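What follows is chain A paired twice: with chain B in the first complex and chain C in the second.
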Partner chain A sequence: MPDIAGDGPEEQPLFSERPDWTDVTPVPQYEGYNPIAPIFYTPQYYFRGIVKTNEKSERVLELTEAIIRLNPAHYSAWQYRYHTLLAIKAPLDAELKLMDSLAVQFLKTYQVWHHRRLILTAIYSPPPSNASGLNDPTATTSSSAKSKPSPESQAAARTELAFITRVLMVDAKNYHTWSYRQWLLAFFDDVHLWEGELGFVERLLEEDVRNNSAWHHRFFVVFGRGQLQGEEDRVAVLKRELSYTKDQIALAPNNASAWNYLRGILERTGTSFSNLRSFVEPYTKTHEDRLGDEEILDLENPAPSAEAELPCVAALEFLADIYEKDAVSKSVEIWKRLANELDTMRKKYWEYRIKEALKDVPVQS
Partner chain B sequence: MTSSSQLLIPLHVRYIQSLGENKDDLTYHLTAHLRMNAVYWGLTALCIMDHKDALSKDETIEYVMSCWVDEAGAFGPHPDHDPHLLPTLSAIQILVIHDALDRIDVPRVTKFILSLQQPSGVFAGDQFGEIDTRFLYSAVNALSLLDQLHQLDVEKTVSYIKQCKNFDGGFGAVIGAESHAAQVWVCTAALAILDRLDVIDQDTLAWWLAERQLPNGGLNGRPQKLEDVCYSFWVLSSLSVLRKVSWIDADKLTSFILSAQDTENGGIADRPGDLPDVFHTIFGVAGLSLLGYPGLVDIDPVYCMPANLIESKGLRKGWEALPRKAS
Partner chain C sequence: MSGSELPKLARVAHAGHCNRCLSALPSSHIQIDASRLAIGFYCFGTLDLLGSIYEKTKEIEREGWREWLWHQQTSGIHGTGFKPSSYMTQDRPYGTDPEEYSEYDTPHLIMTYTAILSLAILRDDFEQLDRNGIVRFLQACQREDGSFTSFPNGGESDLRQVYCAFAISSMLDDWSGVDVDRAVSFIQQCSSHEGGYGQQPTGEALGGTTYCALASLYLAPSVSDLHAPNPHVTTDERRRTIRWLLQNQASSGGFSGRTNKDADACYCFWCGASLHILGVGDLVDRTAFLSYLASCQFKFGGIGKAPEDRPDPYHTYLSLAALALFPLEDADPSWKLPRLNALWNTTEDTADWIRQHVPLYTVKAQSPVRK
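And then the complex of A and B:
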């Protein structure tokens, strides 16, 4: 990975060799112990030195950057850096640029992303009046009234979103990155930003239709937090979402994320599963069985492609759930097939479904 | 690294014992920020393998107390590191295991923990402000072990978890975040401690958890991701709380965990062929314990601590693991 921000630690002299650090007493970690690789330990010893004197200066930024590059999970260094940035009124947009390079190198570290949140909050919103100093934009209690986003902050939001998109190109399922994107959208809470998300999700699902994070984000944008922005006609929204999801299932039927999404939108909108019966049925058969069926082109119910692996377990599961209401014996038949043949790993689960369903069967009088 | 069909207990005990020995190792320094967690993981693994005394009790307690940050009334992960909720929980757990809870200033630690609760009900990890349901669980667990749960605003805490419930029945790190098995566990276990399992759509969540099992027997953390030994704990313990452990194919998962052992140097890795670490060692062993693997000690899936210890403190909740096999 190219070191976008410039010098790595190997190119700089040791802190112990630098004249501008002679006034600080390094505090070693372990008494009477000689480390084999002193170059790595010295920045941390100097860190302990400046913490003791509570120094907040430019060189502290240099020091904390050195530590963070070595060990991005060193959360004390991050905290101290943040307080230093504020204390010396350092240019925070420059800090963001530095964070750009680190975020890609250290994708799976919580601190990189949290620091970014703090910096953005420091730049674009005043401290909250309930003064906890901590950032929780998902708080249900209403925070101090948010001012309308300025053109500057709108531009910043777009730049940030573009940055997150680039990071997702490196690791499309990174949990922190997605969580940060959600936070960013809620933080700026700009209807135009929300609107752009559908297209964004679709691009990602084109790359990988099995990206569970992207499906989850779609739900978040359409039915979750994003629902507060625009999209008054919920009937049209449901129609659109059903159509999109069915198309993706047709492309790759054995995709748990798409089926979970389908169930999610039906449940959220109170739509009966049985509405999907004509769509689901072809996916529950083998290709041979389907040969006998009439080939009617039904745009509302895209059929499985010739390459699809059939029958699709998730489709059978779905059909069994449809039958459970008024044709439970058909559900039991499907569950038996799943338990004994098609999804034997979860045999006990399917047996549970059979047992539960038969429990509820009313006794004939 | 050849795979094995048995849990190589003496080898793993030796592995855990060796972890603190190599202070020359760069890795040792770079992991100082989670040293307290690592000690807890190692100790718990030893307990479950019935070798609790393999690490010195006195040295361990001394280490824990050396991480006490008096200004804050809490523990850091390592001497002279800032205090944080995660190492504070691990410190409490270690002291409980060693029956040394009297070393803790309970009112001050309680104050520290409660101070981290946000208006929304979630907890921050420290003054840095990162929020996550992991911290919510840590707070609930810690307060419970300190017998200070009555000081918690339970309604507020539970209401946050409720809002984290996703369309697939799972839970994420914060409201709106994707369902993830580790976050499912922290939310489920926190609800178990607070006697609020009613928040969960139990059948749906248990099914989602069962779906984590891949054809190779291993478990993943979210749909269409890779298997990893640590999910053996997150997923299984959640299923134990929901009383549905049988929904996982035990034989296949057992084989998978055993195949991730380092048969030369000990320890368990995230998947076969990778290097081991103490994190995957505890969670692999804990998973095997919940599956009834012979010769292991029972683990409490809510607290991730020895079950009889939790029971003796009157903290056991309604969970079910698979019965222990004779051999």
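And then the complex of A and C:
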């Protein structure tokens, strides 16, 4: 059995030297023989001791906080902390404040966000009482159990959203953070909160139009949630989204996020790609080719700027997809150009598209 | 650059990196104590792919690792599974029987998957595997919406856990612990507008979870082979997924995990294997792919996520697994790796071992010889 090496730099003379901890028997870890990748760090003897006696008290909060700061991925410490908070009826808003201060440090750790979900749920929608109280109350399908949050909680929701916004300023694409924001919106399910999200996404995209997480969030807000209160007019929604997306494409045409969004909303609403032909065509030409075109200011179809890198591969792909239905030879022409000249990394993909499209074409005898 | 111009694969150095990680990790790696079994898997997997298990390790070490792995198999009220390590386990005299696990020391679904693979790589006979217990554990982890949690009493639930549940069931050849229809329905809800699959139903399309979704859908018991159309994936979905995956191959040849993010060696596996599962692995630009991974080799051994980055077992293993799926004809022999089973994520030789030793019934046995 390997020796546990001496104190690492993170060891505080905390528990072994404190008189208020002398009643706890520190419990060594069971390792057995030749453990895999044993990690030499401060033994969490005291935590195992607490768990053994099932102690739920104030000092447990102090202990679990120390462990979490050392090892934010220590899910048992988080779990035990949560149960302790509930058992001693600790003030949960104070817990949230503590989490705020840890969030930026540990924002890449799943447990920080999971704990936050648990705390929010405990404050605004207490879990069903069950024997062990150990079941996860954030299960999305705990149907009868969850009560609707009260109206006052809108203020709390806004505070939470503001917190998430601050965290996103540190790391604008953090997956956990965005998932948490989406969970929060669904949890409170308040129409005003949903509506505020469009402006939020727009601000983020002003900073970085290629932030795919923001584009994804927009799709979630517009199409992903259940009841679209106040958004019954689907036609108006589609018009608004198309207009917004076209403007962003005009600003920066070589942006896969915007094109994926465009394709996504068309597919989701069952709208034919050919509806966007007049918008897309200018993006498929070079600047020189476009010189011959008439300069018509069309607000519905913003044109590429002079600085845009043309032709735009995504636009050509889009046009080829339009042609695939009834002018497949034109699609083939575009795919060949992409394969051989404009998008050679995906040469085999474009050749595959040609092969697949021609498979369906009836052979003329 | 052609295959023959690539630098060599530094096999010895990469094996050394993983071997060192198996022996000890510094206190700065404290955060992975909750996932040591996974690290073990990446190290063993690397040695397996490099064919160095027997060269680089001694039988006494392998015996010790197998024994340590079996110490993590733990039984209790929610069935049986493997813990990530004994970091929450009370000490007891060596050789005594363990008690049933407490609620804070339960088995972990992902670690159970990596444990079974690790034991197979180490050629364990699986006499000690509590198959029925594991099936009960899977049942305990599945939620109403079809997803699986890491623990029976909570924890994260997303496509990664679904994949592990499917892989375990497939290896056991016993699906009684899984409500497949509900799980498939959950997987399908994770499909995003971009064509990839997010971590959970609201999530942004992500390479790792796209692999988990596709591997699960192709492991599902109703699917007979990789070449027939999959009943759980529509033609349109397949087309969109293929498009999104290939869009993620960056100009460096590496793959990114999300649209408009940088390439990362691990996504060469997650996205590459996804394309392979969909039957279009040939569409990857293989030379560029290899040259990216070659450039991620760290000069002292191991492979990192991007050129010049520090290596770790996770990126080392996944890069090699990706290379095993996409061999290049004219590359230096150092790049030759064994065939990989893309659905279980292990070599075909290890997959064969699993087929022969993990299920309760195998072709040879007439009646169950194990519990």
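The working rule: the second predicted complex is superposed on the first by the 312 of 365 C-alpha atoms of A that agree within 3 Å, B and C clash if a C-alpha of one lies under 4 Å from a C-alpha of the other, contacts with A are read in each partner's own complex, and residues count from 1 in each chain.
Quick note on the criterion: a residue touches a chain if its C-beta (ideal position, glycine included) is under 8 Å from a C-beta of that chain, and two chains touch if they have at least 3 such contacts.
Predicted model, so just to flag it, every value in this text is computed and none were measured.
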| item | value |
| --- | --- |
| First (chain B), second (chain C), both or neither touched by A:H74 | both |
| First (chain B), second (chain C), both or neither touched by A:R59 | neither |
| First (chain B), second (chain C), both or neither touched by A:K336 | neither |
| Partner chain in contact with A:S213 - chain B first, chain C second, else both or neither | both |
| Touched partner set for A:W178, first chain B, second chain C, both or neither | both |
| First, second, both or neither for A:N260, with chain B first and chain C second | both |
| First, second, both or neither for A:R240, with chain B first and chain C second | neither |
| Shared contact residues on chain A - chain B and chain C | 27, 29-30, 33, 35-37, 40-41, 44, 48, 70-71, 73-76, 79, 110, 114, 132, 134-136, 139-141, 173, 175, 178-179, 182-183, 186, 210-213, 216, 219-220, 223-224, 255-257, 260-261, 263-265, 267-268, 345-349, 352 |
| Residue ranges of chain A touching chain B (in the complex, touch as defined) | 27, 29-30, 33, 35-37, 40-41, 44, 48, 70-71, 73-76, 78-79, 82, 110-111, 114, 118, 130, 132-136, 138-141, 173, 175, 178-179, 182-183, 186, 210-213, 216-217, 219-220, 223-225, 255-257, 260-261, 263-265, 267-268, 345-349, 352 |
| In the complex, chain B residues that touch chain A | 23-24, 26, 29-30, 32-34, 80-82, 84, 118-120, 122, 124, 126-132, 159, 163, 166-168, 172-180, 206-208, 210-211, 213, 215, 222-225, 244, 246-247, 249, 252 |
| Contact set on chain C toward chain A in their complex | 21-27, 29-37, 39-40, 43, 61, 63-65, 67-69, 71, 85-92, 94, 102-105, 143-145, 149-150, 153-156, 192-195, 198-200, 202-206, 236, 240, 242, 244, 246-247, 249, 251, 253, 258-261, 280, 282-285, 288 |
| Of all residues in chain A, those that touch chain C in their complex | 2, 5, 8-10, 27-42, 44, 48, 51-52, 70-76, 79-80, 109-110, 114, 132, 134-136, 139-141, 173, 175, 178-179, 182-183, 186, 210-213, 216, 219-220, 223-224, 255-257, 260-261, 263-265, 267-268, 345-349, 352 |
